[in-house]
Amino acid sequence: AGAQQASAPAPLKVGLLPFGTVSWEAAVIKAEGIDAAEGLSLEGVRLAGSDAARIAFQGGQVDTIVSDLLWAARLRAEGRAVKFLPYSSTEGALMVPGGSSLTSVAGLAGKRLGVAGGPLDKNWLLLRARAREKDGLDLERAAQPVFGAPPLLMRKLESGELDAALLYWTFCARLEARGFRRLIGADGIAEAFGVEGPIALLGYVFDEALLQREPHTVAGFARASARAKQALAAGEAAWAPVRPLMAAEDEATYATLKRAFLDGIPRRTAASERSDAERLYAVLARLGGERLVGAAATLPEGLYWDGGPNG
Amino acid sequence: MPAGAEFRRAAADPILTLTVRRKVYRPERSEPVEAVRDLVVSVRGGETLCLIGPSGAGKTTTLRILLGLDRDYEGSLTTRPDLRIGMVFQEPRLLPWRTVEENVRLSLPRPERRQSLDALFDELGLSAWRDRYPRALSLGMARRVALARALALAPGLLVLDEPFVSLDDAAAASLRAAVFGSAGSRGAAVLMVTHNVPEALAVADRLLLLSGRPASLVADVPLRTPKLDRGRDWGEAMRRDLAAKYPGTVAGA
Amino acid sequence: MPAGAEFRRAAADPILTLTVRRKVYRPERSEPVEAVRDLVVSVRGGETLCLIGPSGAGKTTTLRILLGLDRDYEGSLTTRPDLRIGMVFQEPRLLPWRTVEENVRLSLPRPERRQSLDALFDELGLSAWRDRYPRALSLGMARRVALARALALAPGLLVLDEPFVSLDDAAAASLRAAVFGSAGSRGAAVLMVTHNVPEALAVADRLLLLSGRPASLVADVPLRTPKLDRGRDWGEAMRRDLAAKYPGTVAGA
Amino acid sequence: MALLARLGSALLLLAAWWLASRSVDPRTLPSPEAVAAFLVREAASGDLLRNIGVTLWRVAASFCLAMATGAALGIALGRSRAADRLLDTPLLVLLNTPALVITVLAYIWLGLTETAAILAVALNKMPNVAVILREGARGLDPGLEEMAQAYRYDRRTWIRHVLIPQLEPFAVAAARSGVSLAWKIVLVVELLGRPNGVGYAISYYFQLFDVAALIGYSLVFSAVMLAVDAVLLQPLDARARRWR
Amino acid sequence: MALLARLGSALLLLAAWWLASRSVDPRTLPSPEAVAAFLVREAASGDLLRNIGVTLWRVAASFCLAMATGAALGIALGRSRAADRLLDTPLLVLLNTPALVITVLAYIWLGLTETAAILAVALNKMPNVAVILREGARGLDPGLEEMAQAYRYDRRTWIRHVLIPQLEPFAVAAARSGVSLAWKIVLVVELLGRPNGVGYAISYYFQLFDVAALIGYSLVFSAVMLAVDAVLLQPLDARARRWR
């Protein structure tokens, strides 16, 4: 790394989404000069949404994006050698209004239930499996699922048109700030399938070719990411550059977003992440079939990157 | 009241009276054009009236007003309420997307659409063309279709804007026979615009001579000689007479 | 070679020869229509040729072939390569979105577009209408514009499809004078379709009489009497003569 | 003959695609075989038929709705100057409101229902139809109009024999560009609030970045549209054009 | 006069909106004031102008590209039967390919660049223009065509004085519906791969479910389009229609 530090720092392009936490991390890295210290120059590339991020990654316009494990696994299974570096275990949850009489998954029978991401959403598949196994309830028939775009579902939950909604975590955090509560989180659902700890289903995805070409840059970036997270966990000071990016309309929302982010910092070894992930993947492969996970019935070999600070 | 008197009264009463004090076209972005001034046309039942005037005088304009197609004029129009008018425009104006026969039938009121038109098409020499579209017709043939359309209606008043041009003499003569034969047998009136003075002299009960633009009445000339007695010499004399009196409207032979 | 001989040779040589063995329209989904059969038209420089035939015979079809607008026929067409043809269609066919003047100018080759047209518009009585759009013209006026368009081109051959209908006698006479005056002074040939036999007898050097559809040549009648000597009586006699010989084409008076 | 030409040009297209796919990364341009294989799999699972069916129904319903209201509005605007002045601005605003916004508002106000979806599509497409037919209604032949008036054509006769034949080319243009527009918007609408249909499938496979699936679905839908065009629009069009 | 009517109808629309917003939840239908307040804030930050500007540029570039190529193609197809037979199928396929798919493919093949974005929009819109102008070119007046041929109109004269005036209503229809289509597709294109523009802003505010922002942006864009229409299209149209 020393040789590289002497020359100009190697650039690394990272895809940033408007509400993505990656942009928070990137802001901290930049503000505290962590990237330069690790021998690279982080270049944020603004993108409109996760679809755009995937296009950008596929087209080689960015070096890395944060994406979900299933997508990375599918890419690798289909022959594009990518590596996955755990980023966050923060996940969605099934939200209900604060005053709702609902207390358990079993109570969902006959309720109108919003589901972000559609019938093949992984959390929805897991929730259905859990309900069937634990409560003997077929949610698809017993409840009235409504699929749609997350902001729309959030709005429908607020207006009372839905009794509960399975949403992504940023929406959950906002709802929590407004007095809604979690009926069950993704981690809670996953527990039912023997998963041992919080599992990071989101991670940075890299091309293996980049790793081979510039191992130091990537390793430096992994360390920079970890240091930024530590700084954010350490205290309020580091949050200054992040706050304007959060679009938090009030203190309560800010606080819940912050807490949810910090709770999701992956702290486990790659090996334990991997074994939990394999367990979950098997369940999902069984439930979602080829349409969800592609041709591979098990997590492809070598998906996790061991060179990171956790490895 | 005996039927004969009834008929005479009807013939004497005008079935249509048009008074145009002024008709001015006002195109956007250019000078207004005064097309008609102080013109009164009244048509009595059963009579044949010929309108003669120079090119661009305002004849077509007058007919459009008379048919109620243009209401933007100073003056008044009264029509017998049940009067059926069959119109032959200066151009054929057929629906190009309908066959010859459909063009004729569509102009009839719904209950009359299924009537037989064989005799009419035969008379106008159109039988072979009933199923063709207007594009496949020569201009003269298209004019005949336009005439057929007006005649099929069995109108109480037939309004014709230069109907017999683009036709050879033989065809024109047989069409004239068809038109005036049918009108005469039904007691229908005919109002015809023409540039052909001999033609007008042969068929009219009355001539209306118009000045150049703006069209206004120069003379209302009743022709009292019975039609059968109107020979070539009478025509020549009459024409010379008119040309002398109204040189702006009727040219010398 | 003296200039006079040159001119005579040019006048004797045809400037255009059209031979149509057969022209058949084949509309989709209906019977074919044979419009012309075995017709030869050759036009010599400076002569006036009149084409007379019944309505729907195939006259317009013949002109379209002669102008190269329809190449789907059996036969051949040869034209002097530098021959300019001015055409007056049976309908005015003006560009409705261009003014009267633009309509005339656009038909000239680019280098000639800026020439003065004042005399021409004056002669045809159109000066006041130069800046108007065709919609604001009466049909007779539109026909005059179509004539102006053809004359402005200073053509070597003027092809006219019934040009003088929808015009009063005075206007028609002055237009005829304009057309034949201009053609005569430039030694241009004129090929005119008409239904008006007296008109043809007054202006033609040669008559081509056509049969009914399919149009084919019935007679090629040269008129050797000098035009100035063609009085009314000559015309009457000639007409009677033609009507007797070719009753299918020329009607008795 | 016409069919043969169509087939030929389709085959040409296919050949070009096949050749192109040889020379690039199969993940960015999958070969025709790969797409065919995907379609076979998807058809076997029943999803293909179900999704196409449900989308087709939505397209058809909203297309009919939009054509009917859009044509009526466009004709009214083209014929009445007053109506045009009054409604021109709202029409342009609606025309320029993004599909996303209309769809979101429809879902908010009418709930996440099938009615909302179909209404949203129709509302997106309607101003387009209106704008095209307005131009048609503006250019009606005044000569024929006078003729119809002189002969006292009744309303039905006028509409059927005078109005519609003159609007026909505009209506065909609106229909052709309209069907495709309807289906493009259905995709957005399905993406935002329906759990099925081609739009849902496409967004789903898009998440997975399955280009073969994207191309497969869009080709199948194009094929369906080609069939609709060949079986419905073209014969209608040919009938209306017989006179030319 | 025409301007007054426009203004009046805009005010009417505003009043109706204001009244409606009184009676419902402001989160589903924000009041005009709320939208105005948002716009003021957004304008002050400079984002509004920047986003509108960049989107406008993309719309203009792709619109011109699509109109030029689409018109040329449409006219060729409308006049030549052979060309129509050969290219009809690819045209219909392209017409029915979803914006999403074209955009994704353009981005994948050409990278996330401005060129790819503009090309994607143009490619989406072009078949629409072609389909509309094809109908126009099919209906050219044969009488005028013969006249032009008889008088040996040169190519330029024919195009300017015979062809274009007859295509004018179709071109206006294509332009009106086309500008709006272009801008709708620009939104998709911006959503998928541009870090700025109205499409980016709208998707951003949609995530926040800020309906006021959605309506605000779409209204501002409508206003821009109304202005373009009033300043450019309408005078052109009026000039072309003088003769009626």
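We just call them A, B, C, D and E in the order they show up, numbering each chain from 1.
In this section, contacts are C-beta pairs under 8 Å (C-beta built on N, C-alpha and C of every residue); 3 or more make two chains touch, one makes a residue touch a chain.
Chain identities (UniProt): B, C = ABC transporter ATP-binding protein; D, E = ABC transporter permease.
Just so we're clear, the structure is a prediction, and the values are computed from it rather than from any experiment.
J.: On the document's contact criterion, could you list the chains that touch chain A and likewise touch chain E?
T.: Under the touch definition, chain A and chain E have D as mutual neighbours.
J.: Could you find the chain whose CA centre sits the greatest distance from that of chain B?
T.: A
J.: Can you work out the whole-Å distance between the CA centroids of chain A and chain D?
T.: Those two chain centres are 38 Å apart.
J.: Could you state the distance in Å from the CA-based centre of chain C to that of chain D?
T.: 51
J.: Can you compute the centre-to-centre distance for chain B and chain D, using the mean CA position of each chain? Integer Å is fine.
T.: Once rounded, the distance between the two centres reads 50 Å.
J.: Using the average of all C-alpha atoms in each chain as its centre, how far is it in Å between chain A and chain B?
T.: Taking the mean C-alpha position of each chain, the two centres sit 86 Å apart.
J.: Using the touch rule from the top of the page, what residues of chain D touch 2 or more other chains?
T.: 28, 104, 108, 203, 206, 242
J.: Two or more other chains in contact with one residue: find those residues in chain B.
T.: In chain B, 91, 133 touch at least two other chains.
J.: Which parts of chain A, given as residue numbers and ranges, touch two or more other chains?
T.: 51, 58, 149, 152, 155 - these are the residues of chain A that touch more than one other chain.
J.: Show me the residue ranges of chain E that touch chain C in the complex, using the header's touch definition.
T.: Within the complex, chain E contacts chain C at residues 143-144, 146-147, 149-154, 157, 161-162, 165, 240, 242-244.
J.: Going by the contact rule set out above, which residues of chain A touch chain D in the complex?
T.: Contact set of chain A toward chain D: 50-51, 54, 58, 71, 74-75, 78-80, 115, 118-120, 145-149, 152, 155-156, 161, 290-291, 294.
J.: Tell me, which parts of chain A touch chain E in their complex?
T.: By the definition above, chain A touches chain E via 18-19, 45-49, 51-52, 55-56, 58-61, 149-152, 154-155, 158-159, 247.
J.: Looking at the complex, which residues from chain C come into contact with chain B?
T.: Touching chain B: residues 25, 27, 30, 33, 52-56, 59-60, 90-91, 131-133, 136-141, 144, 162, 165-173, 195, 197, 249-251, 253 of chain C.
J.: What residues on chain D touch chain E, complex-wise?
T.: Per the stated touch rule, the residues are 2, 5-6, 8-10, 13, 28-29, 85-90, 92-93, 95-101, 104-105, 108-109, 127-128, 131-132, 134-136, 138-139, 169-170, 172-173, 176-177, 179-181, 183-184, 187, 199, 202-203, 206, 211, 214-215, 218-219, 221-222, 225-226, 229, 241.
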